[in-house]
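Going by the order they are written in, the chains are A, B and C; count residues from 1 in each one.
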Amino acid sequence: MAKKANIKKDKVKKIVIDKSKSIIDAPSGMFSDKINEPFAHEMIVSKDRSENLTPKQRKRKWKSMANYFSANSLWMLMYCTGCCAIELPQAMTSRYDMERLGMGPMATPRQADILLITGYLSLKTLRRLIYTYEQMSEPKYVVGFGPCTLNGGIYHDSHAVINQLDQYVPIDLYIAGCMPKPEAVMNGFQDLIDLIEVGEATGWKDYHARYEWYKQNQKEALGEVMIHDEFHE
Amino acid sequence: MTITITDFLVAFGVAFCGWALQTSVSGITRKTVARMQKRYGPKWYQNFRDIFKLLNKRAITHGWVYDFGVIMALAGIIGTAMFTPVANIVVFKGYDNFFVFVYLFAVGMLGMAMSASGSGNPLASIGVMRALTQMVGYEVPFMVIVLALIHVRDTSSISALVDIQQASGWNLVVMPIGTIVGFICLMGMLGKKPFDTYIAPAELASGPMVEYGGKQLGMLMIMHEIATFVEISLFVNLFLGGGSNILEFLVKYFIVYTLASYVSNVLGRFKIDQVVTFYYKIPILLALIQAGMLVIFGWGV
Amino acid sequence: MTILTIIIALIVLSFATYYITKINNQVGAYTTVVVTLAALVIFLLEGDKLSGASSIGILRFSVTPLAWFFSIIMLIVYSMVAFFNPYWMKKILHPGAYNMLFLLSLAGTIGVFFAENFIVMFIFWEIVVWASMFIIPFGKSRTASVVYYAMSTFGSFTFLYAIFMLYANYGTFVIKDSLEAAKGDANIAIAAFILMLLAGFIKLGIFPFHIWLPMAHGNAPDTFSPILSGGLVKLGAFLTILITTLLPIHEVTKDQAYIFGVPILIYVLMIFGAISIVVGTLMAIKQDDAKKLLAYSSVANGGYILIGILLYDEMALSGALIHIFGHAIASATAFLTIAAVSYRTGTTKMSELGGMIHKMPITYVVYLMAIISMAGIPPMTGFISKWLLFQALADQGMFFIATTMFFGSIGSFLYVFRPLSVLFLGQLKPEHKTVKEAPIGMLIPMVILSGITLFYGVLPNSLVEYTAKIESALGFDKVIETSALVIQGNNGDLHAPLITGIFAFGFIIALIIFLIAPKSRKVGLMDTYTAGEFLYTPSLYHAGYAYYAPFERLYQKHPNIVALFAALVQKVKDFGKFIRFVFFSRWPGRGVMFIILTMILLMWGEKL
């Protein structure tokens, strides 16, 4: 398993951009269960941590079947806030076919494993996002799309939009691009799978460990709600 | 005939293999459906991965009835699967009564419904309501057909019905209309489109499943696979003559399930009232005609 | 002890209870518990060897297995319900009268079962009707009582007419002799049969006489509804079994045209049973009041029982008898749980309740077991009877009747699940946060009744054997067969303990899977998926009102039988107005004229 993951990583590193083919009529990798490498282009900003595995970690990874199952059956909850959401249908349907990675859309946070945050988050939606994130069952992962989740993007100076999402919920992976192309989305997911397989996607543990810190940030951003009823939150 | 603990273990083996079989078959079907949609599709063992992942997750619980209902659901369905005759493996010969199937199956359904309502989510209650309403639709025509069959064959044991068919031809030939009705009802039982009203992910957030995650959902997935195994086997045994050997049975099983899945993939979804009115128009009429043909005139027997 | 002694003792004790209750409510209520339990113990100890020898004049009794079977059902229901009486003494307007009538109606039912002749049966029948008629208005409504009495009176009149018709022709009131004699003349036999059956139909709540059931059951005091549904309704079944098998109606009608292998009269009567099933099921599905829902389910189950009796073979009758037993116990249990909830919360409307499981878990489990039996799911008694009935139906190939029966059977999942989901599960309303579990005195009878339901579902053979005994006593050539643990049907065997064993096996497997997997985290009821919305009002987040709305919409424009009865009532009222207009007008001359006319006619006498 480790070897395979490494090989994939290597391939990602040796990116060869085939400029002779345009993106539109590119073969979409319809009959391959691997990502079509030429289109896993340079926009990926994944935290590539699997390079520095110690032997001990590799051993633990071999032992851990749980990671394998978690990695290869990722059910998504799409929190479609911004523009990046428009790229997901393509990633899901025939052209890029997310299902070959074992991924699929789910209806509720209880069932889902990964939370996709596709774009900017206003304060109102952030409160709901945190509620939804806390309802998910562990292990759970969060993927941020586009610059809006990273640094506010084009909304960086808005009074109603938060800039750094990882202040409030732990992010396991960012996918860059405004919006990220489906190829980037797919490659990002492949990276997330690799991270989970080696047990490196530990955002949910971080949320437990630094719960106070996250709560503090959340409170600072959102303020405190005094009256608890249907109309004040 | 005395019943020993070995019988129980063999019967459990049937249930377990049924689960493994159905999980693989549904994986293969996912793959072939993907190919039809010009996709690559998941691995054939994707459903196993999903189930084991779910069993590994740390889930939530909404109180004891939420957990108890899930256990009861799985228990009822495992029990039903243990009665299921597969080809020449018939463990409880003579006691595999059709009505036992129908009502023991209902234990599982009741357990799941109870657990879902116990979660306190109104979407789950609505899903359960729809599932029960749909049940009123599909069970009645199906049971009328089987009642006529029992009347002419003079036995309500599934394995005995299989034996008769092995000797004197499939019920598909004896009662073609009945088989069509049976297949339509099977689609309803499986909850395949157009009868997946009670799941309706975009409308009800997957209905009864709305609050499940982790091991409870994993167990319900196991339950779903075994239930599908029981339903398809019931159809194969009742209408397609079971199987004289395992291979024959498996081929029939595969064909029926794949056909049901393919039909479901090209259809849209009914509303719940449309489901009921549909079943009480065409299938029940056909079922009564077929029952009349068998019981009154004895055609085809 | 003889039957006469027991009945007289019960009547005397019922009057004694009235005065005891006047002195002290609680003591009076506990007297009913002691008396009913004592009667049950006597019946159980003596078995069907009870003596019916002693008699006073025409008050003669005979002991048959059928009568013993029914009286045991009745005594179980009465004695268990009696445990609830002490808690209701404050809520009922006239506790003394209630306790007296409670015991009097029990004496009446036992009298009906053991009566040797029709006159005694009729007298006790009327005692039951009158006793229950006075109890019903102690609850919510007086109209219910009027409707109940009007229906019952109609039945009583036809019953009485049939009795005198038989007496006029054959000169005997003795049940066996008169029915034996009637066998010769098909016309008289059929006329008497139908007239008596009408009384049975009304008690059993068969369409179109079902309308009194929901009114009476829904409005009677919470402690008396279980008696009505579990006990008194079964009187109709008793009468139907008695006349159908003793006549026997299939021999009398054998010259008629046959349809699906049965005489046309029987088939028509079965259609009434089938209509009851459909009407009862459909109406039960749309009720919001839990007691009315269960009352309509009694209508549907009355249909099963009627069809089982009229199918007239050993499996069907056995099925009907076990169904009477199973439904009496299960229905009484379900009513008792609703009574317990009503005791704690003060309402039986399901939309006003919710999440009671968190406060009353034992009541919930009892209700769950009761509805498993009512829906005919193993491992409960209801499954055994349904299995036997379906076997008989399949054997006779009556697929039209079977269609309605399957519809009722699957439909019962819908209506029994509604209280489970809406009343017991779901969100707990804030006003019920302080509700406690039902008191121990209520839990004991409920748990005992659930135990009975479960026991005869797992080991039904002793019950089936007793029904075989009843059948042979009623003169069946062939009786239902059982061996060690297996019930042998005409086209299949039922091994009830095996089903339970397999279910238990599956349960262990499921439990192991559950325990191996990681432990779950407990969250509150309001912490559910809300699409990210924040909710704080549980009552807004509970699917309770119009639960089956999409299904109900499909038949909301159904014709209503109540309208027909209302039209009849209107006709009677108009006729009364006409009479008043003619005889009691403001002009005395008109009245005087009619009086003179009548007198002239009277004096004319016979010559006219």
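The rule we apply is simple: a residue touches a chain if its C-beta (ideal position, glycine included) is under 8 Å from a C-beta of that chain, and two chains touch if they have at least 3 such contacts.
A quick note: this is a predicted structure, and the numbers were derived from the prediction, not measured.
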item	value
Arrangement of touching chains [line / ring / star / complete / other]	complete
Pair of chains with maximal C-beta contact number	B-C
Euclidean distance of C-alpha centroids - chain A vs chain C, Å	61
Euclidean distance of C-alpha centroids - chain B vs chain C, Å	35
Residues of chain C engaged with two or more neighbouring chains	527, 529
Residues within chain A bordering two or more other chains	108-110, 135
Residues of chain B engaged with two or more neighbouring chains	56-60, 205, 210-211, 214
Chain A partner contacts - residues on chain B that touch it in the complex	30, 34, 37-43, 46, 49-50, 52-53, 56-60, 201-202, 205-206, 209-214, 217
Chain C to chain A touching residues, read off their complex	527, 529, 532-537, 540
Contact footprint of chain B on chain C as seen in their complex	260, 355, 357-358, 361, 364, 368, 372, 375-378, 383, 386-387, 390-391, 393-397, 399-400, 402-403, 406-407, 410-411, 413-414, 417, 420-422, 425-427, 486, 489-495, 498-499, 501-507, 509-511, 513-514, 516-523, 525-529, 531, 541-543, 547-548, 550-551, 553-554
Sites on chain B touched by chain C in the complex	3, 8, 11-12, 15, 55-65, 67, 70-79, 82-83, 92, 94-95, 97-100, 103-104, 106-107, 109-110, 113-114, 117-123, 125-126, 128-130, 132-133, 135-136, 139-140, 143-144, 147-148, 150-157, 205, 210-211, 214-216, 218-219, 222, 271-273, 276-277, 284, 288, 291-292, 295-296
Chain A - residues contacting chain C, complex	108-110, 127-129, 131-132, 135, 228-230, 233
